[in-house]
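Residue numbering begins at 1 within each chain, and the chains themselves are lettered A, B, C, D, E and F in the order written.
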């Protein structure tokens, strides 16, 4: 057995565990923004590790895998930011445990003016 | 001992599938439509991993092209729904 | 003149992507693809950005990528530890921070990095003010939050994007 | 209520028919008939590595011509139905909420890359999965991203219509050239077959797929723009 | 082969449940999203069935463009009436 | 591949049920989209052969051995056509719905009884 196959499969396994935990976070978290936190971070790193592991297993695929990783790392935060902004504009509330909401204060100040 | 990487890859495929099922559950359950879109976002990113795992199991490099198209279109789809929610479509 | 450099740079980058993607050995394929890339770059000439060629900036970019990767791993361990506990320990809120960056690309990278690192998510941007959802609010005030969230990325991005 | 009951009975009957059909299917073990013929001769005769492309473009080329015509008719129908009235004042785009600066920057950065990926897909249709329809859809989705990030973005209909009609015209011309120079309508052997595996191989297939890609991309972008405008 | 069968069953159940959700949820945007998810699952199934061309078409056209066309139609039919049930 | 056939049939039944019972016109078109997906899934499953690979010849599939190694490419080509035509049909139907909505300001299909006798 070659070392790179073992290393790659272990990386893939850890990445898939992160993906699973991210999905669990999406399922368990109490409100939209916290779900988004779990859904963005864990899935991004999980995908990166999974893809990298497979790229190490098949070294001739490495170039394509790296381009795919770059694309995902660039686009995933943008889509999640767009979604968070839309949700906050629509007035979807934060969970009751939240301590502060500066953006809402700012918007209400503008409305008073 | 030679089969260990194969077994590990199969186990990770099961983990990824379980993750997809969890996000799909949130998508079915989600009280508002924004929750459903969050589930969609996580779902698409996880399924890119599944696509690459399928490519690895099948041993065909050409399946990665499908993964990139999937990534592009899922990004645009999520942005589209977000813009629709905030009324800027 | 500046526009020509941008078009040529974008053509080169797109052709490089093609080369990495297919791993082709034939120069004919590269020439065909480069001509298409040139046409696309001319069509989108107003959207292109000027390249980073300064060696110091390149070195900082490499270092920044490594730093970001370490931060992302920390973020994930953080999220994973939160998720598997029976009662999820959160203390969330939206805080306000300021950034010193002026260039759009720098701000894009800054917000992406903030979104990918522990417990923070960019909700809105308005000029140089960022509104950030923080899963565990340690400091409600603007200056303290800026110190904790933004400043360690900013010192690299400021060098890279000027 | 009667309607609901009627639907239920209908679907139950349909389910039984499906079940009966399902139990009588035997999975095929090898290629038979025309598929085996295509698989055996496709690569040697046409020089295309992707057999699906070979079938879509050459062996069943007339189907594809019909498909492109259906798409064209649908786009034209949508444009006619949703055309603007005379003396129509441009819609108030300030009602719409603008997008954030991050999305705008990201769009500027990503659009050339996405368009180039679409071009790659329809140029390499005979080597890798993909082809004119998929590549056209990716190009149209890049235009769509611009619509999303900038609500006041206007499509240049003159240029798009010109590209669309010219690519359709050349597509049909290549088909007729096939009758004149080679074996039949849309025969790809009017150009040399070249090396198996490079972009300039498989005769006219890359040219045809590039034309189809441009045509489908502009048509889909036109459909999206027509659906988007406030009439 | 058990892996393939297991993935088929999981995806199939998720697809059918999403299609039922698409038909019975009140909110039309959620309905459109659910149909998009059915298309995305179908795309993965095509990939397992060794049809990458079809998978790519389904991902590009079925999931991406058709979702946007539905969203535009929703926007244009909701101008005056808030609840279109 | 009986599982795939079952999934496809279940999708078709769900879509037909939705089309027959829903009142909202946009939901009817969504049901049509689901039925299309089911039909395409069944068609691709007909061409699948256990243990074979995709019909694209590269280093993994040499030209000489293609007949023994690939799945059936013809259903895939047909489904490719069907998907593109499906989205065109959906777009045209939605355009009609938009025009009808502009006339009557309603999406409920029972309101449109002009041709009913």
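Here is the rule we use: contacts are C-beta pairs under 8 Å (C-beta built on N, C-alpha and C of every residue); 3 or more make two chains touch, one makes a residue touch a chain.
The structure presented is a predicted model; accordingly, all values stated were derived computationally and were not measured.
Asker: Identify the chains adjacent to both chain C and chain E in the sense defined at the top.
Answerer: A chain counts here if it touches both chain C and chain E, which gives D.
Asker: Centroid of chain B to centroid of chain F, CA atoms only: how many Å?
Answerer: About 21 Å, centre to centre.
Asker: With chain centres taken as the means of their Cα atoms, state the distance from chain D to chain F in Å.
Answerer: Inter-chain centre distance comes to 16 Å.
Asker: Taking the mean of the CA coordinates per chain, how far is chain B from chain C in Å?
Answerer: So the centre of chain B lies 22 Å away from the centre of chain C.
Asker: Which whole number of Å gives the spacing of the CA centres of chain A and chain D?
Answerer: 32
Asker: Pull out every residue in chain B that's touching 2 or more other chains.
Answerer: Residues 13, 20, 37, 58, 60-63, 65-66, 68-69, 72-73, 76, 79-81, 83, 85-86, 89 of chain B touch two or more partner chains.
Asker: Chain D: which residues touch two or more other chains?
Answerer: 50, 52, 97, 99-100, 102-103, 106, 109, 121, 128-131, 133-134, 138, 141, 144, 223, 227-228
Asker: Multi-chain contacts in chain F: which residues touch at least two other chains?
Answerer: 6, 17, 47, 53-56, 58, 76, 80, 84, 91, 94, 98, in rising order.
Asker: For each chain, which other chains does it touch, given as pairs?
Answerer: A-B, A-C, A-D, B-D, B-E, B-F, C-D, D-E, D-F, E-F
Asker: Which residues, counting only chain B, touch chain F once they are in their complex?
Answerer: Within the complex, chain B touches chain F at residues 58-63.
Asker: Which bits of chain C are touching chain D when the two form their complex?
Answerer: 10, 14, 17-18, 21-22, 24, 26, 28-29, 32-33, 36-37, 40-41, 43-44, 47-49, 104-105, 107-108, 111, 122, 124-125
Asker: Please give the residue numbers of chain B that touch chain D in the complex, ascending.
Answerer: Touching chain D: residues 62-63, 65-66, 68-69, 72-73, 76, 79-80, 83, 86-89 of chain B.
Asker: Spell out the residues on chain B that touch chain A in their complex, using ranges where they run on.
Answerer: Its residues touching chain A are 1-2, 4-5, 8-9, 11-13, 15-16, 18-20, 22-23, 25-26, 32, 34-35, 37-39, 41-42, 45-46, 48-49, 52-53, 55-56, 61, 64, 67-68, 71-72, 75, 78-79, 81-83, 85-86.
Asker: So in the complex, the part of chain D that touches chain C is made up of which residues?
Answerer: Counting only chain D, the residues touching chain C are 100-102, 104-106, 108-109, 111-113, 115-116, 119-120, 123-124, 195, 198-200.
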